[in-house]
Amino acid sequence: MSYSSDEMMTIAAARQLRAGQVCFVGIGLPSTAANLARNTHAPGLVLIYESGTIGAKPDRLPLSIGDGILAETADAVVSVPEIFNYWLQPGRIDVGFLGAAQLDRFGNINTTVIGGDYTHPKVRLPGAGGAPEIAASCREVIVIVRQSRRTFVDSADFITSVGYGAGPGDRDRLGLTGAGPTMVITDLGVLAPDPDTRELRLTHLHPGVPLDQVREATGWELATAPDLEESAAPTEQELAGLRALKSAT
Amino acid sequence: MAEVISLEDAVANLVHDGDSVALEGFTHLIPFAAGHEIIRQGRRDLVLIRMTPDLIYDQLIGVGCARKLVFSWGGNPGVGSLHRFRDAVENGWPAPLELEEHSHAGMANRYVAGASGLPFGVLRGYRGTDLPAQTPNIKPITCPFTGEELTAVPALNPDVGIVHAQRADRAGNVQLWGITGIQKEVVLAARNSLVTVEEIVDELDPRPGGMVIPSWAITYVAAAPAGSQPSYSLGYTIRDNDFYVAWDGIARDRETFRAWIDEHVLHDGVPA
Amino acid sequence: MAEVISLEDAVANLVHDGDSVALEGFTHLIPFAAGHEIIRQGRRDLVLIRMTPDLIYDQLIGVGCARKLVFSWGGNPGVGSLHRFRDAVENGWPAPLELEEHSHAGMANRYVAGASGLPFGVLRGYRGTDLPAQTPNIKPITCPFTGEELTAVPALNPDVGIVHAQRADRAGNVQLWGITGIQKEVVLAARNSLVTVEEIVDELDPRPGGMVIPSWAITYVAAAPAGSQPSYSLGYTIRDNDFYVAWDGIARDRETFRAWIDEHVLHDGVPA
Amino acid sequence: MSYSSDEMMTIAAARQLRAGQVCFVGIGLPSTAANLARNTHAPGLVLIYESGTIGAKPDRLPLSIGDGILAETADAVVSVPEIFNYWLQPGRIDVGFLGAAQLDRFGNINTTVIGGDYTHPKVRLPGAGGAPEIAASCREVIVIVRQSRRTFVDSADFITSVGYGAGPGDRDRLGLTGAGPTMVITDLGVLAPDPDTRELRLTHLHPGVPLDQVREATGWELATAPDLEESAAPTEQELAGLRALKSAT
């Protein structure tokens, strides 16, 4: 059964989630992956959207984090201050899903400005949203982003959300309670931080993707894990689940 | 006690050139009707405050109502960019737009501090990011008991706070349900407030997941049926997602944007 | 996910000698059944935390479970004194009781800080009173933006937080309504938590004015019908006001108090 | 129609409340006075109890601030943190009603300990409750307390809630946003702060109460206002309303 690289990326992300985990998700790829996991292998997965819906169970993909289906299917709906202060900040959330416009070698994320300077940027991006505190306080962060030289940069134009800062020890120094980005899932493969240097290195290649292509799409000298693996191809069941979810939307 | 008056009168009485105005509604109950009334009344030099500048702020910025934006996420939710916002920041059109930028958690705590009569709020936020370097409104604060360093943000107390809700009774008590977001905090933090509602009813029967904001804590209540369209009001209207998608094309070009405003906002309800 | 087990097992698993334990319920949903189970299990040297030590804390203190009390108002609501509390403070019977005393606003903000993962909370409180002189847990803090001096209190994170609620489903999701007080904050602030409920149901149908605390944020849920008597659980039991009045006489005297505990708590459910 | 001195005190307190005002009330005399006012001349009076009930409309006197009738008749029920942080602290409340075990010449209130020292008091009182912040943040405070030398002391054994501190300027110096105790209503008369010295002085004598008796019941050299008046006796309507309220309870 053939599949697209985006489908591979989404399914690889969904596989990382387990029943019983609590997941803080944004709209787009993270929401698709989290709902796919809940509809397939992780039925007990708890989805939290920053609009204040805890335990949302949408039967289609929400159009925005304010989609009525989230409030209507949630175990509880709380205010925006409460979702950030009582639920995210104390580290109650297992996994935070984030995207990125730029991602640097230490997993720091830029979603603010690209090019020029802050006051006169070449491209003005949407900004921080909930990301800085998701990156700080979730027990672990999974980044989902398409891999390209434009996105995977040696150093980001602006640090909106902190990964490992400038390297080992920085998260502790900054008092960031979560573990940081433990995995970066792309359309080409999977990266994870080197345990010693915290620099992102390639741990998985998606089926049929040549290593050179991933190096080509990375703005730094990409290292590979000693045990570099190939991701398992999407199963028919995974693809059926993903496509059913998308067609229901 | 809140006065129940027309949207036109409420905006005329509350919103003046140069005011700081927060039109809130965290992805739900976004006060589009009130924003359009501000455009029709031609307000200028506003300091616009909103966690998620949505299409309504793209419109206010595009027509030149704003001199500054205080925000935490400025995109077209689920679609992409806010092109009028980007044009103002990247090219200064129709006027330069000063930015003060925060995270959602920071903005939420600024409203909470404002609603609580405190000058600042405290959170675990911003540490290690480039955001504090861009504004004096993010500072470190040390716990007097543990010595731990955290982050402080100043209270937000807008001149005017405007939100949309499902219902009010004739005494001006307001009821909303579903995603309640930051609505109550904005009303309580603002010096003056306006709540637009889908309908005014004789009695507010209790609703699960609902909250009531008592009339005496609100300045004005105005009826604005479908007043959150193209966003939505749970139980009344649904999000017009096609419009959110179409807005990308409308707002990309200055001329098509102006034409849309002329047709749909300025001549709103006036026969062509 | 919360484990749904018996009250006896939940208290045995959670509450140990020397623990800091908060049994909350601000005048509603007071967890009497859980308090009586702590007495039956003979716990000692507890640091008892509660905004309004009520009859249940008079009983825990009177039998000698506590070495310290952290509180903000220690009376018999609408009746008068808590005589066992007074006897412990004034005469050290049955054991000396160390006090840490706050205002309601201070205690509420300590729980909020605890629930928020912050080391302290900030309020306009205590200024000019003699309270700060009696504890190191009330300190001044200066606003980094305005220079104004306010008051800081440290977070409360009890070893065990215990509250009563109306219902839970079989998965351990808890629902309460009416006066919700400080229940959610205590559950979220505590290292481990127990929620006793009037009944366990198949489904939690939505209730106006209700809140749900998700199962995964709770350690144990235990059924305890009428578990807040002689206090009340809205919709299930009403306050036994005659008992609150009668308690004044029972608790005034050490012997009548001991006799009451023996008969009504220690031999509770055991045939005489 | 004859009446008791407690009835006179309660009615005198109720008369101070106007429709449209927002009143923070505790159980006991304050609750009785506030509900009497709402049932008679001030139907629009908004009653707030610290248990979080805003706009409660009990048709009988609540047994405690947790009485179910408060939640069931309220416009809104909010959490305890919210009632103190969002509603009391910012100064939204017009009138706060307080009682006292000791009241000093500057309207400072003691509800903590009497005699001995703090750790070994002669009498241990219930403590602060919501009073310190009610006294600090309500636009004005009305104290209702029976007058006696034991209660009206030259200086309090412990200051639980601040009136005018040590005199003029202290409230500003302490950053207390409300005006402080503008009136002390007792079973004998009414006291108010001297505009210059802030010391409580007698402004009203209840009918038939000799000035000497009030002086006798005051632990400091009680001054009288130049325009010392006699309180109007309770009307039949006021007494009927009060007695109906009590019998309904």
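For reference, chains read A, B, C and D in written order, and residue numbers begin at 1 within each chain.
The rule is simple: contacts are C-beta pairs under 8 Å (C-beta built on N, C-alpha and C of every residue); 3 or more make two chains touch, one makes a residue touch a chain.
It should be emphasised that the depicted structure is a prediction, and the values quoted were computed from it without experimental measurement.
Think of each touching pair as a link: the shortest run of links from subunit A to subunit D has 2 of them.
For the pair subunit B and subunit C, the distance between mean C-alpha positions equals 39 Å. Rounded to whole angstrom units, the spacing between the C-alpha centres of subunit C and subunit D is 28.
The set of subunit B residues that touch two or more partner chains comprises 117-118, 123-124, 148, 150, 184-185, 209. Shown for subunit A are the residues in touch with two or more other chains, namely 85, 89, 137, 177.
Contact between chains, as defined at the top, is found for A-B, A-C, B-C, B-D, C-D. If you check the complex, the residues on subunit B that touch subunit C are 117-120, 122-124, 137, 139-141, 143-146, 148, 150, 152, 154, 206-210.
Subunit B contributes residues 26-28, 51-52, 71-75, 77-78, 81-82, 85-86, 89-90, 101-105, 108-109, 111-112, 123-131, 134, 148-150, 178-182, 184-185, 209, 231-232, 234, 238-239, 241, 244 to its touches with subunit A in the complex.
Residues of subunit C touching subunit A in their complex: 1, 115-118, 173, 184-185, 188, 211-214, 216-217. Those residues of subunit A whose C-beta lies close enough to touch subunit B in the complex are 27-28, 50-53, 63-68, 70-72, 77, 79-81, 84-85, 88-89, 112, 118, 120-124, 126-133, 136-137, 158-162, 165, 170-171, 174-177.
The part of subunit D that touches subunit B in the complex is made up of residues 20, 22, 46, 54-55, 75-76, 85-86, 89-92, 137, 177.
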